[in-house]
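Structures are listed in the sections that come next.
Next, two complexes with chain A in common: one pairs it with chain B, the other with chain C.
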Partner chain A sequence: MNPITHSIRAVRTGKKVVIYAFLLGFALFILSPFAVIIVSAFGEGWFGARWLPESWGIRWFQWAFQMTDLVQVTMNSFVIAALTIVISLLIGVPTAWAIGKRKLRAKELLIALILLPRMIPELTYALGTAKIFYTLDLINTHLGVALAHSTITIPYVVLIMSATFEALEQRVIDAGGVCGANWFQRFLYLVIPMSMPGILAAVIFVFVTSFNEFTLSMMTYGPQTVTLPIQTYLSIGDGYKEVASAISVILLIPSILILGVIVKQIKPENLSGGVKGL
Partner chain B sequence: MRNPSSGFLIFISMQFKKDNLLTLLLLFPGLVFFIGLFIYPLCITFTNSLTISNHTGYSLQNYIDLLSSAKYWNVIGITFVLAISTTILSVLIALPLALILRKRVKGHTFIRLLILLPLTVLALISALGLLIVWDKNGWVNLFLTQVLPFIDEPLKINYTLYGLILFYAWLYSPHTILMTLSSIEGIDRNVEQAATITGAKPFEVFRYITLPLSMSGIRSGSVMTFLLAFGAFNVPLIAGGNYRPLTVAIYTEAGVFNNWPKASALAIIMGILEIIFILIYFKLTKKRSAA
Partner chain C sequence: MIDKKVMISLKNITKKFGHATVVNQLNLDIYEGEMLTLLGSSGCGKSTTLNMITGSLTPDNGEIHIRGNDLTHVPSHKREIGLVFQNFALFPHMTVFEIVEFPLKIRKENKKERKVKVMEMLRLVQLDHLAERYPRELSGGQQQRVGLARALIYQPKVVLFDEPLSNLDAKLREELRFEIMNLKDKLKFTSIYVTHDQEEALTLSDRIAVMKNGVIQQLGTPLEIYNEPQTPFVADFVGISNKIVGQCVGKDNGHASIQMDGFQLRGLVKHDEIQNGDKVIIFIRPEDIQFGNECSTKENTLQGEVRNIVFSGERKECMVGVAEGETIRLYMNKQSDIAIGQGLFVHLPSDSCKIFKFFANE
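Moving on to the complex of A and B:
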């Protein structure tokens, strides 16, 4: 073999090794916390410098169900997420329509204003929200926690839906009007089906945000409205890493399901969206 | 006598007003939300910060107390160090990863899936897992001491500043990665090929073509990472140890010492600091992209 092609080949394999070492490192970095939680939840007698536990079992799961009301907590999380979706859509969609479809003078300023709750750290206004909710008796109610969550989900709904509405083909809607459909029929049979991908993206987004929200729940929750993140925090605070791991394994299931839906339904970069236009 | 054209004009102007009214009506729920759930709580936090517990009347005493105490300057410093280091580290992870992934190497779909994991899983679970993995007896230290020949002592990572930055990067770098990836994959490859053909070296292509063209994605992604790292609350709460950023300090003030006015003052300071930082950041990056 010619020495030049030989050295080129060597450089190429060297490059490949570096690339795959980087990818492997990244994969291990991301995956190791999950692997360790599963091992610690099912393992018994895992102390000191050992790679794996002495024996396996489901003791920590039994403990987890005895120590906390996991079924109720999961229900709370789902009810609050559903309420947040309804509130966010009811408030966000009309605003999004006004921004996407109507002539507005200071549109950019309006969008910047709407994004403010997302830009400013939640605690800044969460302290005030907690104070107000105490006087209105909204603390420790599902509605109260959902309203608090809506503060950060509505900006995303407005953002996603106004972009969706703006991209709608106005001629199709006009054609519907020419054929005799009134505004309600046009909305029901034309606008909603045509903007379904956007609505779905918004719903998934609101669900994930509400399901994972910690700060605002922390300021507005009570004994009857403990959500999954709050319960995880309380369990970690109790000091049993194994029990907390067992609860975490149960909590991982909905998160993985959500991940599956996201991969199928929406563009991943929309997840961190919001400041894209700035 | 009425001429028909003026009647038409009146009709148009009426139409216009009715249109405006409808727009306002559509904006109304959004407005109510914005004022009721954001502006009003913000004002309550602010007025609350001007009171002193067990006293009546308003004063700036809380702010004077906070800003004249070295303890709180330390807290502010730690918050900034954490947020900026996390942003830098996430860009350093995001750029090579995006450059590799756009070549669609084997297994790239799996890596893309992994990027989404930190976004969908509860941050507290991840923090718990990270604490166990990077523990003194955790897998990372086992690997370092047992597999690598030149390290004997386990490294102390948990509850240190470096460890916290690492955990933050695990949680918030996906935002930078996703935005960088989407802008790098949006670049027209012909432009880079044209540069290569006209004699640019690979590094020059990266420096003068790829990097400027993907700057908008890197910028918006890193802003998002910075904002999240600055306001991060749950991770430092359980993994921070002695390093308390602003959020934890606020929570301790309100929840543990039950001193809501002081907590509110600290929260207002945090909000103002973040807004100032964002404005500076946008000014800097705009200038650079214009040059």
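Moving on to the complex of A and C:
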């Protein structure tokens, strides 16, 4: 073999080894907490400084269902996430349209304003929210928790959707108008399908955020609106670390499913405009 | 022209973007069944004019009438106009069939009839075999055929074309040009065709409006525009001309004598007012120039030497040096055995020499 190609190959192999080492390290770093949660959720008799539990089983899941109203709690989480999605889109999409498609003068200022809630510590912000909600009697309602969640998800919806709308080609939408479509039909038949990758990304983001949100739920929940993260916290407080892990595993399931959807649907080609078969 | 019924009427249209006046008090009548071309260089306001007719833009001043109705403030979707875009502007998430069907769907036509009409239209533009494809799976020429089909499917009485062929290669341009002409004969729509390609304008149109800086410079048939340019801009922009700059030294009924560095020419003055001593510019087309080895007449005949020969396929183009820094382009038969360095008499017939006031090149 030619010595030059040989050495190039050696360098390439070397590079590959380094890249794989990094990827492996990264994966370990990301995945180790998950491993701990899963082991403690399924493990029984895991005491002291043992590396692995004595035996495996689903006892902690049974406990979780017996000790807490887990079905209701899961329902709460889903209902609140769904409400949060609806509220965030209803408020975020028109705002994003104004920012992305209209020539607003104070565009930057508006974006800064929208991001403001994210610039102060969440706890401080949550305290303020709770105060207002007590006044409005929104505590212990699904809508209340969803509204609280929306305050942090709307900025992201606005950011994702305004970038999506900005990238839409105005000529294509104009073409719809010339073809006879009024603004509503243009929005329904052209803007929404063409923005689908962005909308999907926003929905997934809002769902995951709401489903896992802790601080704001903490400040606005009531006995009727306990969510999965709150229940996890309460279980830890009651001293049942393993039950908390079991609940966390349940909490993980939708996130993993959604991750699957993301990987499947959000291909780069879909994001760059040509949206096929969505 | 057929029967001169006005279809589209632009009355004193003005459009400004910020401080720039892009279309300036434009008046134009387009007759029923006519193909009128807006010809002008990039940025002269052609697309802006079209967009005001479709309703994507609203004029700052003036009115737009179609078949006698004032449509100036009617929204785009109620105007029943067809538009073919320069960059196609197809709906990326729909198949060819769905794109062409879209205007009918919006008009709530019966689904079965829709299908029949769409397939018929697709056959007409030779795309019936690609109905299930998405735009990004098509070539540029095929995409523009979809654009054509989408603009024609609802049988608008007025179809506008905004440089529909400028994104295609030369061969395809010509092919589609003929297709557009055929479709127009078949479907009998009135159209405004925007282009910066003068060949396209000359071959396609019943009339041409040459535009510059948002103002129409000249309106006429292709023959009039080519043979009788009324402004130096039109003379320069349409077709190829020799341009010779000199000074007016004498006038007699419609003609003027122009002095250049080392020679004099007589030419026709028609559209500009010219005084003795004015700086002027003479336009003469290469195909109007006569040449030979002997000198037959004295007037407007110059002695020169062939400096360069370019073979363009259909003819030979010669650059003949006639004086210091002055070369004249003329066309020769492709068989002619002309050689560089050869001496030649060139005759510039005085009625083909069009004299205008000198204008600063913009």
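Convention: the second predicted complex is superposed on the first by the 237 of 278 C-alpha atoms of A that agree within 3 Å, B and C clash if a C-alpha of one lies under 4 Å from a C-alpha of the other, contacts with A are read in each partner's own complex, and residues count from 1 in each chain.
Just so it is clear, contacts are C-beta pairs under 8 Å (C-beta built on N, C-alpha and C of every residue); 3 or more make two chains touch, one makes a residue touch a chain.
Just so you know, these numbers come straight off a predicted model, no measurement behind them.
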Exercise. Could you look at A:A106 and tell me whether it touches chain B, chain C, both or neither (first, second, both, neither)?
Key: neither
Quiz item: More chain A residues touched by chain B or by chain C?
Solution: B
Practice problem: For A:T124, select first, second, both or neither according to whether it touches chain B, chain C, the two together, or no partner. | Solution: first
Self-check item: Touching partner for A:V71 - first (chain B), second (chain C), both, neither
Solution: neither
Quiz item: After lining up the shared chain so the two structures overlap, which partner does A:I4 touch, if you call chain B first and chain C second: first, second, both or neither?
Solution: neither
Practice problem: Using the superposition on A, tell me which residues of chain A are in contact with chain B and, in the other complex, with chain C. | Solution: 274-276, 278
Quiz item: Along chain C, where are the residues that touch chain A in the complex?
Solution: 51, 54-56, 75-83, 85, 87, 89-93, 102-103, 106-107, 134-136, 150-151, 154
Self-check item: Complex contact set, residues of chain B against chain A
Solution: 19, 22-23, 26-30, 32-34, 37-38, 40-46, 48, 93, 96-97, 100, 105, 107, 110-126, 128-130, 132-133, 137-142, 145, 170, 174-175, 178-179, 181-182, 220-221, 223-224, 227, 230-231, 233-234, 237-238, 246-247, 250-251, 254, 260, 263-264, 267-268, 270-271, 274-275, 278, 282
Quiz item: How about chain A: which of its residues touch chain C in the complex?
Solution: 169, 171-172, 174-182, 185, 189-190, 193-194, 196, 273-276, 278
Quiz prompt | Contacting residues of chain A [partner chain B, same complex] | solution = 19-20, 22-23, 26-27, 29-34, 36-37, 40, 47-51, 90-92, 94-95, 97-98, 102-104, 113-114, 116-129, 131-132, 147-148, 150-151, 154, 158, 208, 212, 214-215, 218, 228-229, 232-233, 236-237, 241, 244-245, 248, 251-252, 255-256, 258-259, 262-263, 267-269, 271-272, 274-276, 278
